[in-house]
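These notes open a run of structures that come right after.
Two complexes come next, and they have one chain in common, chain A, joined by chain B in the first and chain C in the second.
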Partner chain A sequence: MKLPLEISPETQKGFEFLESLPKGSVILMCYDYSTSGMAEIHPSADAMVQYGMRRGFKFIMISTWDAGPQLIEWSLQDVNAYQKMKYGEDFVNIGYIPGASAGVAAFAKDIHAFIKVDYYGNNLKDLPMMKTITSAKDINLIFHITTGGGFTDWLYFVQGVYGTPMYSAAVASMATQAIPYFKSGQIVGVNNGLRGSAEFEMLTGTYGFGQGGMSSQSFAHVWAVIVIIIGNVLFYMSKRRRPGND
Partner chain B sequence: MSVVLRKYAPMALLGFLGFLMVASYFSTIEILGYFSRELQNWSSIISAIALGFAAFILLRQHVPRSLKGNIYSIALVGSMGLLPILYLITGSTVSFQYNWVYQTWVGRLDPSMYSLVAFSIISGLYRAFRVRNIDSLLLLVTAIILLIGQVPVGGVLKPVVNWFLDVLNTGGYRGVQLGIGIGLFAYALRLLIGIERTWLSELKGE
Partner chain C sequence: MIDYDTLGKLIGAMCTCAILSYVYSENPFYRLFEHIFIGLTAGHALVMGIRNVQSLAFTKIMTGNFYYVVPIALGLLIYTRFHRKYLWLSRYPYAVIIGIATGLGMAGQFESVWFRQTVATFLNLTNINNLIILLGTVVCSLYFFLSKEQKGMYANVTKIGRYFIMVFFGISFGSISMGRFSVMIWNINILTADPQKYVVIAALIVAAASILYSRRKKTVTVQASIK
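Moving on to the complex of A and B:
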């Protein structure tokens, strides 16, 4: 059931930034989440790759979570990336990088000194796309998909040091931490949970679980409000029956 | 082991390496940049070893229990071993079999478990948002506005939600982050100059 959806300013501004990127821009897709949070933010990842394929962007897939590489594979299969793009020229999957903030900082400083092979065992320097990408300075956007972890790592050690633009697709509880950075201009856009994914899908012209899940989320939120109201009504009814016993 | 090796040597090493990293950030001296890159690379290697070590510790706990017949330990050890065994058989983590097990088992069970949290949240909401005073009334009204405003049915409340996120949330979060930042800076300085010693093991006679 499609419900009318107003686009949030943080998603709109983020999409406008994406529209300003030229063909051939290098997007670093950071899959810093696990399957528990994928219902909210995996649609953003799929929509970004689909949009990027249409625009001619190049992708580097990476994760600082150990569950990330499998989600990268899942996302690539969702969008038929192997059929629509050429591996090594249009996209590269680096997989998991250990070390959290230290790993992120080392990666951003010198990619080839830190990572020798990609996720499939290919020598990174042999991949055509990676010949000209050596550090964060050669990346045009970090598209960070997260349930919470890694956000400050990429923000402090990459965006803050090298000025690389960063877009955050985060679960709703995490997006409240990302929005202050959007207001200060450190992040170019925020996809706020499932609603943000749905808005992003609308803007990029894709239809996936983001928009499909909005009706379920609407029902769940309305039900939560009804439960709160019922709780308060019952609380006051019990107070009136037992005056003085608060 | 002497006190020098157990106490003063680690503190000196921490201080030296810490100030080296700080200096490399602010300077353009090539040798400092080289050392900081190497230290970061080694830090990642140690993290990877810690990950493997954590798996070893977990197995060391649960394999004896599973041999005694504990079904939860059996399930844990079995599920920990399934994907590595699949990798050894197929030779790849992108094989059809590996991806099928991950997507149909892990990819369904993990979100299902996480979704159960929704039921405990709903039962918590029933109790947590009872109006007892003006503060709890403000909390209740804010929660209802945010819950309804974030979904399509509450479109008319979206400008109010945007104001909550842009003004109240941003202001409060920035205050908290400033405090955390100052606290972290003070803690890091205490570590580097040797005032903070809780990370060292206790020495006899101290």
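Moving on to the complex of A and C:
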């Protein structure tokens, strides 16, 4: 059973920005989360790769979290990226980059000076796609998927310094911190938790856990509200029945 | 031949069931998997640390970039904290770390936070939302201005700031709850798929048997004490 879902302005504006990007645009997919955040934001990652494949975007996969490379692999397998795209020409998996904020700043300044090989050990300079991409200036969008960490690093040291547009797919608890940056125009869009992922799937014409899970979540919310009301009514009634409260 | 994918799914389901068993009560299965989780996390962090040093420093030294010896030496100096006599040497690497963090923080935050976020509050005050944003920004900032004692009229103003902060915490709490629902739905999706569901059925049988056994044991103990 599918419940109706309204598209929030944060997702809508972000999608409109994606639609304005031309074919061949370079998207930096940054997987800054671990398995604990998968439920909410992994569907956004899958939807973005699927949408990008359809639009002819080029992808650089990266993570500043040590759990990230595994999530990149899962995301690529989810959408059959190895069969549908050509490695080195359409997408590159750099994997984990260490150094947190200092690492992000160094990567943005000169990719080839900071990273010599990709996740599979290939020389980065030998990959056709990477020959023209040398710094953050050559990237058209940072699609940052996060449970919290890493968001400010990319915002301060890449978006703030080079002006590279940034889109945040964040877990719901983190999205409240990302939305002020959307309101100020520093980031182009925000996917707010599972709801944002469901909205993003609807806009991009993909179907995954986002839409399926959101219906279950809406029911869970209705159930939570009913339980809270019943609990309060019972509490009120038991208080009235208690001796001395007459 | 072992199918590692299936094996991984079964172990994953077993871990989830063991951790979720804490909802009923603390038990040896929960403890075992809690310790395994902590051990694996610590081991993973150690391996990642070694790999980072290897890729960022050792490999570069081997290719002729000898100045990478400097960060390695600074890193090693941190361990002088374990020796009272040479403890002072550990202040140098800490000074470098704090210096770099401050430099990076100042450079990045000035534009992205101080400047852009302040400019974002310069709004056209023609609608109620913009008025609320301006009011909230001012009163929340005043709440954290600790150089003036919060009393009288000023205390009433900062109290409004506190209410704004409480609303933010409420929204954050709601968002976190929503996130936890998502995780639970995701896990139920995984646990009800093949072959994980067989692990769940087995775990439920074991849990039911152990609950019945412990209750029976409790009843027998109570009866024995009455006699």
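By our rule, the second predicted complex is superposed on the first by the 239 of 246 C-alpha atoms of A that agree within 3 Å, B and C clash if a C-alpha of one lies under 4 Å from a C-alpha of the other, contacts with A are read in each partner's own complex, and residues count from 1 in each chain.
Heads up, the rule we're going with is that a residue touches a chain if its C-beta (ideal position, glycine included) is under 8 Å from a C-beta of that chain, and two chains touch if they have at least 3 such contacts.
Here the structure is a predicted model, which means the values were calculated and not measured.
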Which superposed partner A:G99 touches (first chain B, second chain C, both, neither): both
Touch count on chain A, higher of chain B and chain C: B
Chain B versus chain C as contact partner of A:K125, first or second or both or neither: neither
Partner chain(s) touched by A:Q186 [first = chain B, second = chain C, both, neither]: second
Touching partner for A:A172 - first (chain B), second (chain C), both, neither: both
Touching partner for A:L155 - first (chain B), second (chain C), both, neither: second
Chain B versus chain C as contact partner of A:I230, first or second or both or neither: first
Set intersection of chain A contacts, chain C complex versus chain B complex: 36, 38-39, 66, 98-99, 102, 105, 172, 176, 180, 183, 193, 195, 217, 220-221, 224
Chain A to chain C touching residues, read off their complex: 36, 38-40, 66, 96, 98-99, 101-102, 105, 152, 155-157, 159-161, 171-173, 175-176, 180-181, 183-186, 193-195, 209, 213, 216-217, 220-221, 224
Residue ranges of chain C in contact with chain A within the complex: 44-45, 48, 52, 55-56, 100-101, 104-105, 107-109, 111-113, 116-117, 119-120, 168, 171-172, 175-179, 181-187, 189
Sites on chain A touched by chain B in the complex: 3-6, 8-9, 34-39, 66, 69-70, 73-74, 77, 97-100, 102-103, 105-106, 109-110, 113-114, 119-120, 172, 176-177, 179-180, 183, 192-193, 195, 214-215, 217-218, 220-225, 227-228, 230-232, 235
Residue ranges of chain B in contact with chain A within the complex: 36-37, 40-41, 43-48, 51, 93-94, 99, 102-103, 106-107, 110-111, 113-114, 118, 121-122, 125-127, 129-131, 140, 143-144, 147-148, 150-155, 158, 162, 165-166, 169-170, 173-174, 177
